[in-house]
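Take this structure, written in structure tokens, and hold onto it; I'll ask about it next.
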Amino acid sequence: MALTREQLAQRVAQEFQDGYYINLGIGIPTLAANYIPEGVEVMLQSENGLLGMGPFPREDEVDPDLINAGKQTVTMARGAALFSSADSFAMIRGGHVDLTVLGAFEVDCQGNIASYMIPGKLIKGMGGAMDLVAGADNIIVTMTHASKHGESKLLRECTLPLTGRGCIKRVLTDLALVDIEDGRFILRERAPGVSVEEIARLTAGELVIPEVVPEMTFR
Amino acid sequence: MALTREQLAQRVAQEFQDGYYINLGIGIPTLAANYIPEGVEVMLQSENGLLGMGPFPREDEVDPDLINAGKQTVTMARGAALFSSADSFAMIRGGHVDLTVLGAFEVDCQGNIASYMIPGKLIKGMGGAMDLVAGADNIIVTMTHASKHGESKLLRECTLPLTGRGCIKRVLTDLALVDIEDGRFILRERAPGVSVEEIARLTAGELVIPEVVPEMTFR
Amino acid sequence: MSGFDKVVGSYEEAMAGLEDNMTVIAGGFGLCGIPENLIKEIRRRGTRGLTMVSNNCGTDKYGLGILLVDKQIRKMVASYVGENALFEAQMMSGELEVELTPQGTLAEKMRAGGAGIPAFYTATGYGTPVGEGKEVREFNGRHYILEEAIQGDFSIAKAWKADRFGNLVFRKTARNFNPMAVTAGRIAVVEVEEIVEVGALDPDEIHLPGIYVNRLIQGTFEKNIEQRTVRSA
Amino acid sequence: MSGFDKVVGSYEEAMAGLEDNMTVIAGGFGLCGIPENLIKEIRRRGTRGLTMVSNNCGTDKYGLGILLVDKQIRKMVASYVGENALFEAQMMSGELEVELTPQGTLAEKMRAGGAGIPAFYTATGYGTPVGEGKEVREFNGRHYILEEAIQGDFSIAKAWKADRFGNLVFRKTARNFNPMAVTAGRIAVVEVEEIVEVGALDPDEIHLPGIYVNRLIQGTFEKNIEQRTVRSA
């Protein structure tokens, strides 16, 4: 069974380590904040200028001066700090964020990522995505493994305009956890009940299948 | 008569306009702060990270955390702001300071300035001088017109290593106020009792002498 | 009256000198921390052919979006331009030129514009459409592209508090692009919620010194929210 | 125990891992805002062959100057190195290499090192000995030189207050090079006068977020003054 959105978020959160500063993209990455493992404390960076993002506000806490990068009203966690967008991206570009999680349209086995633009459709812009993928050492891309029509999104070479080149090392899809090494995808884990064959069939780039590919576990 | 140090400071201060943000170098430029004209308010920038420098502290006000670029203890003026050295030089390099006054060993009629190093002597470093001359549009150099041995310091071409190239437009010496335009010195004012001939004799670079060269006046 | 008093008497005075075809840098992120009233004044003036530099272009009803109604913007430099149907229409018809710039690069270009740095290298955008036509250079085995500074004829920004000398304090994430925008404008206009007496702000807590501010005005703000998201109590 | 608690138990622990021939970036201007005790710990450890990056090299008795006694510094990157007889002697004898860097360029090189900017252009130093051997480039009719970022194996800095997460507040002109130094070190060690509980600092008034700080220690400071200058009451 393909992972649900909630399971994707849960699996992402398993990568969180105590003391990690993390930037979570809009959508599933943001959901991961709901599944932070026991005994692990993380601080969330919001690229508009906040380190230490808290949960959404209660009605009476809503403050138009306090939003996240998705323009949603938020709160601050204990120990939060505020700063300008230039300082925020100095932090990101300088490699100080421990983990970045974001979505994508396509990833290829060279570590390239396409996530911001589909030619012919409306161009909304890359926001901070290009800075995030260029600045982080440790990135997890979350997306569906293939389109509704069964077209793989793990490609030999991205077909859409790139967000970043050679910067992705780990992809979590609804079917599998895949690393990228030396120009190949390496299958690390599979979603519960999903066969290695199905994953292989839906992966267009070269896929290395280790002898043992454990199923993901969820607590 | 050649100007005294106090007169040099006084003449420099006549260039101050109300609302000017000013960076004053060590020595005579710093003295100019004592002669700010009536009705004129200026704010002094200290490049280590202070805008709005006040007078030296009284004994009981001395604070080791509050010094100027000459490492002297200072105070803050009303409306002062504190910032990092990166932010301070962003301000300087970005051309936001209205007037910079600093000393020099030599100036030439190309607007070059040499002020930080005499080969063979101990090299102490340029500190912020190179940034200041590169960042400011409006600079006044204060120095003696010639050495004790009568060697001009207003040259055709500087002989010492440069602090900045093509950045000086106005020089105040103990003998004269001189502008630099199109590769020539222009004599604007002379010290009280100093003849145009003496100034010409002690100026090595090409000197333009207008028909009228007023004496400086001091209140 | 001090030469450092930056306070002007009206929004008209605040934007005096703004002419057609100028470049204006605006602070704000989404609708957060935007100079609402300065934008409305640009609308009122009817200035046209503007190049606007701002992370976003507001929405159809708020922020820079209102300058689209009379087609006052010729070119938009931004990182994200969703949530705006008029924008889409004018971009598609070719009336509006758009230069997409990554958010961090945009912030740094503004900072560079204010800091006398004409250009810098960044890995952001290398090998993407953003890097096309830009110099590529290797440092320590990694590829970077050259990005140039941005400066504006005007910059418009919003702060929380200011003293009359223009020393600024921002509030929470309404800070965003505002400090850099102020530094990068030849004429920097700032509107604030409150003007306090000189000396009332702790010099250590001033986010941006008044040296960057040319004109200052106190306004009232709607502070619209794009995504009002709450949790149940 | 939170993974964000940066407080270490001793100065020995604070500088653990410092090895011969490493590059260390130090905050401070003159003797103002210098990490006194971290410097003393480097002295105690006897680490040698160091490249020190700091605006000044202290005096004969205080600050980085004390590392000259046992010739622990191989190379000094600074903007101003007066007031120090030992320094002069070692420089003249060739034991100490000196790279003079303009003050603003030095500050910007540190900032760039922390901000992922590998290099930038500046007019500072063009046509001077500082520009020799560096790329010259014209932007809008003016000449600029290319300057590269500085990063350190360690950075040592001094702040006024911090919370246990390493969020920093500086005091007056003791801020100087400290914030940038912290950002440019792979291991950033900060000593402070006071450590407060997490949550005690206003997020809007934090000068540098704790993300940059690896180790934090509370110390006592001599705060020597180079030029005690007073006016008569």
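Every chain is named by a letter (A, B, C and D) in the order it is written, and numbering of its residues begins at 1.
As a working rule, a residue touches a chain if its C-beta (ideal position, glycine included) is under 8 Å from a C-beta of that chain, and two chains touch if they have at least 3 such contacts.
Please read these numbers as outputs of a predicted model, since none were measured by experiment.
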Spelling it out: a chain qualifies if it touches chain A and also touches chain C; which chains qualify? D
By the touch rule set out at the top, what is the minimum number of steps from chain A to chain B? 2
A-D versus B-D: which has more C-beta pairs touching? B-D
Using the average of all C-alpha atoms in each chain as its centre, how far is it in Å between chain B and chain D? 29
Measuring centre to centre with CA averages, how many angstrom lie between chain B and chain C? 35
Chain C to chain D: how many Å between their CA centres? 33
Please list all residues of chain A that touch 2 or more other chains. 76, 82-83, 89-90, 92-93, 134-135
Touching two or more other chains in chain D are residues 108, 111, 115-117, 122-123, 170-172, 203-204
What's the contact topology between the chains, one of line, ring, star, complete, other? other
Which chain pairs touch, all of them: A-C, A-D, B-C, B-D, C-D
Of all residues in chain C, those that touch chain B in their complex: 2-4, 111, 113-117, 163, 165, 167, 183, 198-199, 203-204, 206, 209-212
Give the list of chain A residues in touch with chain D in this complex. 17-21, 40-41, 43, 45, 51-52, 76, 78-83, 89-97, 134-135
So in the complex, which bits of chain C are touching chain D? 108, 112, 115-123, 137, 139-140, 142, 144, 148, 169-172, 203-205
Going by the contact rule set out above, which residues of chain A touch chain C in the complex? 46-50, 55-59, 62-68, 70-74, 76, 82-86, 88-90, 92-93, 112, 117, 122-131, 134-135, 161-166
Could you list, by residue number, the parts of chain C that touch chain A in their complex? 29-33, 55, 78-82, 88, 91, 98, 100, 102-105, 107-108, 110-111, 122-130, 143, 160, 170-180, 207, 223-233
